[in-house]
Amino acid sequence: MINFNYTIWIFLLPFLMFLFLGLAGHKYFPRLSGILGTCGLAVITVLSYITAYKYFFTSEKVDGAYQKIIAFNFTWLQFTDKLHIDIGALLDPISVMMLIVITTVSLMVHIYSLGYMKGEKGFERFFSFLSLFSFSMLGLVLATNIFQMYIFWELVGVSSFLLIGFYYQKPSAVRASKKAFIVTRFADLGFLIGILILSFNTKTFDFITLTNPTGPAIAQGSGIAFLGLSVMTWSMIFVFMGGVGKSAMFPFHIWLPDAMEGPTPVSALIHAATMVVAGVYLVARMFPIYALSAPVALNVVAYVGAFSSLFAAVIACTQTDIKRVLAYSTMSQIGYMMLALGVAGYGGHEGLGYMASMFHLFTHAMFKALLFLGAGAIIHAVHSNYMTEMGGLRKYLPITHITFLIACLTIAGIPPFSGFFSKDEILAAAFHSNKILFAVEYAVAGLTAFYMFRLYFSVFWGKDINYHQTPHEAPATMTIPLIVLAVGCLVSGFIPFNKLVTSDGKILESEIELMIAIPSVLIGLLGIGIAYLMYVKESAIPDKLAATFKYGYKWAYNKFYIDELYLFVTKKIIFRYISDPVAWFDRHVVDATMNGIAGITQGVSFRIRGLQSGQLQKYAFVFITGAIMLAILFIYLWK
Amino acid sequence: MDILSLFVVIPVLTITAILLLKDTRQVRLVSAFGMGLQLLMAASLVFLYLTARHAGNNDEMLFIKDYLWFKSLNIHYAVGVDGISVAMIMLTSLVVFAGIFASWEVEFLRKEFFISLILLASGVFGFFISIDLFTMFLFYELAVIPMYLLIGIWGTGPKEYSAMKLTLMLMGGSALLLVGLLGIYFNSSPDGNRLTFNILEISKVVIPLPDQRIFFPLTFVGFGVLGALFPFHTWSPDGHASAPTAVSMLHAGVLMKLGGYGAFRVAIFLMPEAAHELSWIFIILTSISIVYGAFGAIAQKDLKYINAYSSISHCGLVLFAVLMMNQTAMNGAIIQMISHGLMTALFFALIGMIYGRTHTRMIYEMGGLMKIVPFLSVCYVIAGLASLGLPGLSGFVAEMTIFVGAFQHPELFYRIVTILAVSSIVITAVYILRVIAILLLGPTTNEHFEHLPDAKWFEKISVVTLIGSVAAIGLAPFWLSTMIGTSLHPIIEKIIALNPF
Amino acid sequence: MAVNQIMFILFSAMIVIFSILTVTSRKILRAAVYLLFVLVSTSGLYFMLNYQFLAAVQLTLYAGGIVVLIIFSILLTSHISQNFESSGWKKNIFSAIAALIGAILSVITILDYRFSATTEAAKEVNMTLIGKSLLSVNYDGYVLPFEVISILLLAAMVAAIVVAKKGAPKTIGLPK
Amino acid sequence: MNSGIPLQYFLILATIMFFAGVYGFLTRRNLITILMSVELILNSVNINFLAFNRYLYPHKLEGMFFSLFVIAVAASEAAVAIAIIINIYRRFTTINVEDVNEMKF
């Protein structure tokens, strides 16, 4: 048995860093805190890589399957004998993979932020929040039980809230952070209810017990409970609701585009590479239950994923804020991952989708982080978020340009970049399971290529714009992460995921199916071609198209008015039709009743106060009469 | 002198010392010293208690002392603590300690203010150490009277009205309570022995069910009024809004907990059968409290009102959990009492400090305070996050324990109601974030506020004490949970033994 | 008819007549004098009951002290010949009825009740015994009430001086 | 000296005196006459005490001492009452009890 005890430092280090920077950073070393935070994270990254190496290449396998290893575990809060929240670290293929993803991207973002955030007010605050986020995210992926996951789930929510609202004096940032928190909180409510139902039926929170395919937990709760679905299905649907919220799937996606108000490195780290895939990770973590005990819930996952990916891709084609385009593209790609999980089965070749999803999660983290950091470099150079105010930047920003192009090719699924491999696996999995979903994803692949290259062409090519200040390339702290991630995009496609990360830990034989791969590359190229025609040649086609599909375009541009719908629900229903009446009711009914009782008492006393005339002799008369009457009563009547 | 009585004696001595002082500037130092001593005492009590438990003392109550007081009615001055009361005493001493520092700058009748405040505290301490119903009731009344003076004299706004309303409603509650207690007393000895007020002795007998049906609701509602049970909660918003800072802290932080504690220790512990039979009524009322308080808080514009409604919601959760009557939920209820006590005290302290600077509590008249008073604002954010149940702070621990416990209830009705209660976490998030966004974030809206000073040293002591405790519970809940859990064990066993469900 | 019975009839007749006159007389000074007669007659009854010391106290304290005090205060506050404004007849009648019913009730009760006297020998009440009892701390002693009464008297004396002292009272906020 | 006179005679006499006092207390308006009525009431009680003592418990002195203390209390009461009356007279220039009714509601 290999000793993984040191993994506790993967938790503790960022937490200590957060406390340290948060409490002392402001006063004592505001300048140094960035370096300090980055160094801390570098240590964690090294530890994670060591863990990954030890886990994948030196740990024992049983039946050719990777085992789930509990590195450490202690009881944090005891509810009942069986139900207790533990804090610990569970190592299995997906959690180790997530370790790599999180620490790599996080380290890159830390280094990048050293340059990007330089001179910002609250520099040390930024790094302490980043540390908090790293802590929470690592805790989330290493969770040994579902409640630990929920704890860190909430913590990443808060870190996200704090980081989106980093520019707290900007009203839009404040609004966005509030929105993100409340929307995900609402989704977490579902997650919590799911946990409660699950715990009531299985009497355990522990992942290993829960997800043991032959264990009692999966066997239980398959009976019909409510509306024709089993208890397990309901609980899994509720749990998935949490994932929907965090991963910005339809209908809880509305917070993600607004979350782009945060600093760009934050968008890269949290809202592209790591936190938003937590939902995918959650489903993957609970996958045996979904696959074996709640197939209906898994179908829900698939359809939500598919719809979200299409929905987001359509919106992405119309947006002009580059970060928003990327946000919708994130949503679309996560939809892919969800879909892949949704069409997968447990074990064997059925598990292709699961592997594909994890694979795509990995590659997506690389290329999306790269895209966002690239976008950050662009924004840094031109001080604007809008594509319309950019053009011809390839001359000014050569490194950014190349790396951005690599990222765009990766997301468009052009070989030999990594996106091709992972996307291909997903399409293959969908093809074997559900042809409709396959068709949808196929279309989304084309749309993805189109909107990414629309972005790419209109920013780096196209018309030349007279900038107030000549845009200049970002400093080395910002370009090095770009290059590292670009290399990651190139090589990560060749990682043998089918050997490492599979649904049951065993090796999954899969090959690139040319019948699916070639058309998908073709449609990617088609999308790029259309984008080239429309945005490099400066044709009038886009405007014409927009004019032709006037209403469709308008709806997509306005994100199908989902925001307005939410606004209506919250502002009108919650505030106007629930809260205000409740407050009114409280003041004018409940409180008024109490005041009314007091008023009646006062009124009655006002009426009878005349008895207290101050006339001594009246009192005496009443007293004596009363005494006599009492005497009569007691002597003669009380027998 | 036994250690428990010291908790009443030290405040009395402090009051005497204050009375003897000529110089009013020393009053607060003496108070701080006395209450600091009390805090140390509480800490050492926790230590002693854990040592005794560790040494294998498995009595239901420890450190029992019993002095006959009124022979004819068999009233005793009887004290004793278990893990729950120890935790509540710790909470009280923390809040009082913070409260002294939060009222450091009271100028008007300073001596009398501190005397009333400490008198109030001694009533609360006495309540928690008593195991004699009558003594308990006496201390409870002792706590209510100074409250009237504190709000009526040092309050703001319509203070006379609020003080009157609060006192009258609480007195109304204690009238019901007294009837309930007497009902228990007269049923305390079915086989014709001497009647008793002692909780431990009463818990050994079974009060006849028809009597329980009468006296359980009376006792529960009596304590429920104090615990802001819907629809008897309306004293809370007005009272809290008018009260001076330290009093709001003590009142929301500790006095409202008397309700939950009493409901649990007296109503349910002594009359479990009726509690089982009637719990559905009160479960409905408390769930209304939870959701209704939270929705009410969304619509408020005054900081203190927001917090008062949020207290209604949170205290509703306490009573809700107590009524679930299983180990986990009750454990959660006690943790929630402590957690809510600390964080609401923190809220009121901060609101008081903000009000002391801006002279308004209307959220729309302020804005962007984060830039002006960063320390207070950060603390406010932490308090808010604790209130909405962020893991790592106490609120999460309490709420999750309650939800998990309540959801283990075997009857479907209770589980469905639990889901309703769970939904409060979203509404809580809405109103907390709304306040934070309007009050602290965004651009500064009022240029008069631009040069306000940040927290002074005594304010920092007050706030840091509370935040430290909130974080301590949130990060390491196991010891508190275990301490309460072991004490709950005999109680739960009694309840379950009598009512196999 | 024995002498003592005649004396009793005399005294009781005086008491009844002058009591009623005291409470009905229209002139205040006369009422005071009637009261004096009542008190003196009462002391006569005390003599008859063989409590000479108390009779003496009654004479000196009541007749000599209190009545004089009352007369002085009458002189201070009223004209000697001042008539009372008659109180309302309703009040008079209802009060009379109440008093009558009360009296009848008491008398009936007294007559109904069988008093049982002790058989022990009567004690000679002389000054020595009174003095010893008054200062004794034994079972029969009255030193505690005696001391209490002395404090009461002192307090009354001080109170009378303080209350009657000239100068506007400060504590009561009555309208002028 | 009291042979041939039944106890009841004394008691009836005291009753008459007592209710005369009560009547006076209820009807007189002048505070001083009210005080005089009170004295009558006290006196009647004293008669009862002494009569009981003499007839029922002649070997004891309780009744006598009680009367003694009642007299003392009556004396102090009269002193204080008259002081108050004089004060009231100074304040309201009347000692009519119906005009002194500030202590209402």
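All chains are identified by letter, namely A, B, C and D, in their written order; residue positions are counted from 1 within each chain.
By definition in this document, a contact is a pair of C-beta atoms (placed from the backbone, for glycine too) under 8 Å apart; a residue touches a chain by one contact, two chains touch by 3 or more.
Values in this document were obtained by computation on a predicted structure and should not be read as measured data.
Removing subunit C from consideration leaves the other chains connected by touching as one piece. For chain pairs C-D and A-C, the one joined by more C-beta pairs in contact is C-D. Each chain gets one centre point, the mean of its Cα atoms, and the points for subunit C and subunit D are 5 Å apart. Distance between chain centres (mean CA atoms), subunit A to subunit C: 96 Å.
Subunit B and subunit C have centres, each the mean of its CA atoms, that are 61 Å apart. Look at where the CA atoms of subunit B average out and do the same for subunit D: the two points lie 57 Å apart. Within subunit C, residues 91, 95, 98, 102 each touch two or more of the remaining chains. Subunit D has residues 22, 26-27, 102 in contact with two or more other chains.
Every pair of chains meeting the touch criterion is listed here: A-B, A-C, A-D, C-D. Across the complex, subunit D meets subunit C through its residues 1-5, 7-13, 15-24, 26-30, 32-33, 35-37, 39-40, 43, 46-47, 50-51, 54-61, 64-65, 67-69, 71-80, 82-87, 89-91, 95, 102. Residue ranges on subunit A touching subunit B, taken from their complex, read 75-80, 83, 85, 147, 150-152, 154-155, 158, 165, 168-171, 174-175, 178, 181-182, 185-186, 188-189, 192-193, 196-197, 199-200, 574-575, 578-580, 582-583, 586, 590-591, 593-595, 598. Within the complex, the subunit D residues that touch subunit A are 22, 25-27, 34, 97-98, 100-105. Against subunit D, in their complex, subunit C makes its touches with residues 2, 4-5, 8, 12, 15-16, 19-20, 22-24, 28, 31-32, 35, 38-39, 42, 45-51, 53-54, 57-58, 61-62, 65-66, 69-70, 73-74, 76-78, 84-85, 87, 91-92, 95-96, 98-100, 102-103, 106-107, 110-111, 115-118, 120-123, 125, 129-130, 133-134, 140, 142, 145, 149, 152-153, 155-157, 159-161, 163-164, 166, 169, 174.
Of all residues in subunit A, only 609-610, 612-617, 620-621, 624 touch subunit D in the complex they form.
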